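Below, each structure is written out as structure tokens.
The two complexes that follow have subunit A in common; it is paired with subunit B in the first and with subunit C in the second.
Moving on, here comes the complex of A and B:
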């Protein structure tokens, strides 16, 4: 407990610099971690704690409408398991504070599940079942029911009337703007439910997967973590997440509603936030497509 | 490319009619290939292939933009088309009605089954019920009786029975939205 106290005291400079913002947000000190987690961390090798000289403050590059203000989130770091308040990031309200449309989340999640689906089920009709061309017995005189073929649907081994016919595709496309709104709503829900964490970079001191797992447990990130980055990811985090089952590393282009909902926590880097804001906000003020977007436009984002 | 085609043709059908034609083609294309390889033997009349990127600006200006530009500042409002800009500071009301992507007031007409006329106000943020109260009061003055109104909080829209789009647009513009 005393060791934890001294560590918090040494980070007092950064804490004081952020005091005004913290006071504005009405946040209190970070909760003291439970004893068994502290002991596990202290017993392992402690990498040197690098306190940055100034807090990392990120402003929204794109214009915010005059009637709204930016939403804020702490910027954390993966360099040390205690680096939880490296800075403060301003997030655009039209991406991270939209109306929580759960119906749109459902629509997009169902679309993601079904548009790739091809069901290969196929059963034979009476015409396709082998045999059954000949009338089994004469129409009259035998005393049995009248039948025309041994493969009619009434018979055992006969054809199926309204069964699944051939590979069926369940492909359909939702409008682009609906899918974009789905991403915005997913990001908003993660932020508002305290499951979104912003990280200044994915630089890790070790490539040990246990370090990342312990960090996620210490910071109460949840059962599963989705880490998103735009640029080339550092070797350490790629090696660490390769062997972990619950922590996934994904490029920003692979971000989708299903993955966001599947993982409990979402961790974005500052570059990813800028990338997502630019791409998602472009849809709010773009013309309808004159020709497909894969063909050249003068100011495509 | 013409030289390559001509030589391929020669290889496929040696001699005969094709030989003479190919020889003539090669003679025509020879100066070009010669000028590309050896500048000293360049023919004065056929300068060879010159690459120029100066004309690409004519292509570039035809490629369309994607973003809708912000409207310029006009000297006088309403503009000749009747458009009015939103006020620079948002009005001090508990709700806000955003402009559409083409910078117009989001009030639309709707009709179902040929005779059910409705007006929709979209893109409402903030306290939608306060706006609903004010709309009810405004339209009761206009129409004499309060028209049926449906509020959809989730989508931020209000649906009113009857066509009131011009009046509501004017009313919202006067509020500063």
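Moving on, here comes the complex of A and C:
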């Protein structure tokens, strides 16, 4: 992401944003892309039409270990469909650049599917099937095979021997740290595969769902988008996503590995990034729990 | 418009595009051997292979799958070079989604299913004839009628009442020094079992007959911290090591209920019960805790300086004068024999949500709690 960022900075399209912030005066004319740019991508990009103001730069609040550096991502905006480089965000490497453990994603996804499962299948054994108390015919003399009950498993209509017995629960809990690591790996995967987009806020100019769909298509966000926010969401985006099937709006507490992987793109706000970093990094350096987490701890985030 | 490829285009150099045949390949290419023999007679299966719909060259299809699988496994393992390499590898792989997930090879071992072989299963791991196969073996320990081992040996009370014996979790001086050095335990405050539990230095289980912590002399040569520590038992050398560094050590008794409250104060406060008074030790421990040599909390305070001098003479170190110390006030803090927490008296109720302490006002209660 750093390389991508540096490459884009070198292009004319992004370089004038730097010049603008240095000068602190907004350029009113539409800037022209430099002629030395050869990449096909930048030729397809048009320069933004809005007046560029100071870029939004986000630093990591929590300390980064000295042997690692922050990963970076562009900060975009939903206010205008062209606002793709509003600023640059530093993301904590221990949340957004962990080892890509696909097996942990599998473990957590399977757990999410199964821990809620209760299978209600139940079949009757030979004791529960109605009837079958009397010996159908005498042991000897009839010429037929010997039987003790008409509901034995050998008989048609008889009981089932090793069938499903009663509501079965498939509940199990993975260790908390495994679930936390699953979220970190999912976020890392989305970022590394260019499916993570950071947005400074969810303010939209209209509540038209078509605007959001067009914006997502213009920015090549993919077939399905998961938008996550911590704070109270503005009305515009709630109305827009209410009628859209492929774009989902979710509070940060509802973020989970299954939803992240199901949707092609993940869109986080800056507040959500801070929230997630705080919550997910706490588990890296905490003591083992003395009492359950629902009881008060002084430093529980 | 193929969004998958164009997305990649914008943020990184375009990847070498895979040939169109593979990008539109079906998930499972049909195998020409099986399709050809269906509905036809025997004979040449090879020539008939040309009749079915042209399958992909198995080499190509298998190659992509294997490459994907190997790459995913490599990404899980770390790419052979560490984190950054694995992440770089991940960027070149297809999008990770719910259909691409699989556990690491070897993680899921399928269980052994007995009796599912050809012809209705064979012996199913039961052996051949006899009691083994027929399941009529005698009980464990039976020796064919000879008086078995577990009856011929006479009983003796080695382990009699073992589950009722008091247990004291050992805490070495080395571990204590380690905790202080890492900053998990604060030596400028009196060190209590609560502090040790909060620092996760010891884990006490009052329900398993743990009665506290005993100080053990492992690490006495490297111990160099001045602390005011309260444990339940301490060996002589451990006491000497602490006092040599200018610290103060006390041994105190906690009955199981007080111990549970001491180790896990938060769940107790949330119960809303008044802090109980600590019970006095049982008969066999009274002698231990009234002895100044063990620095017992029930011992006569005037005997303690003599005991300190005696120990200094025995182990050959100069006893430092703690009254001249700046932390003297902290070092001389001790608990009342009926007190569980520093700063909280028995009978008080702690309200954590409103951050208030409620004290009893009734005479009888005050008399009971101060007895």
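Note that in this section the second predicted complex is superposed on the first by the 251 of 301 C-alpha atoms of A that agree within 3 Å, B and C clash if a C-alpha of one lies under 4 Å from a C-alpha of the other, contacts with A are read in each partner's own complex, and residues count from 1 in each chain.
Everything that follows uses one rule, which is that contacts are C-beta pairs under 8 Å (C-beta built on N, C-alpha and C of every residue); 3 or more make two chains touch, one makes a residue touch a chain.
Predicted model only: the values in this text are computed from it and were never measured.
**Q** Touching A:59, do we find subunit B (first), subunit C (second), both, or neither?
**A** A:59 contacts neither subunit B nor subunit C.
**Q** Output check: A:258 vs subunit B and subunit C. Expected answer is one of first, second, both, neither. What do you get?
**A** second
**Q** Of the partners subunit B and subunit C, which touch A:99 in the superposed model: first, second, both, neither?
**A** After superposing on A, A:99 lies in contact with both subunit B and subunit C.
**Q** Considering only the touch criterion stated at the top, classify A:189 as touching first (subunit B), second (subunit C), both, or neither.
**A** second
**Q** Which of the two, subunit B or subunit C, is in touch with more residues of subunit A?
**A** It is C that touches the greater number of subunit A residues.
**Q** After superposition on the shared chain, which partner residues are touched by A:300: those of subunit B (first), subunit C (second), both, or neither?
**A** first
**Q** Under the stated touch criterion, which partner chain does A:284 make contact with: subunit B (first), subunit C (second), both, or neither?
**A** It touches subunit B, and subunit C stays clear.
**Q** Do subunit B and subunit C land on any of the same subunit A residues, and which?
**A** In the superposed arrangement, which is not itself an observed complex, subunit A uses residues 99, 101, 103, 287, 290, 296 for both subunit B and subunit C.
**Q** Sort out for me which residues of subunit C touch subunit A in the complex.
**A** Residue positions touching the partner: 3-4, 6-14, 72, 75-76, 78, 83, 86-87, 90-91, 93, 95-98, 100-104, 107, 197-198, 200, 264, 266-267, 270, 352.
**Q** Within the complex, which stretch of subunit A touches subunit C?
**A** Contacts found on subunit A: 3-4, 39-41, 44-45, 97-103, 105-107, 109, 188-189, 192-195, 220-223, 258, 261-262, 264, 287-288, 290-291, 295-296.
**Q** Subunit B touches which residues of subunit A in the complex?
**A** Its residues touching subunit B are 65-68, 99, 101, 103, 282, 284-287, 290, 293, 296-301.
**Q** Which residues of subunit B touch subunit A in their complex?
**A** That would be residues 60, 63-68, 88-90, 96, 98, 101, 125, 154-156 of subunit B.
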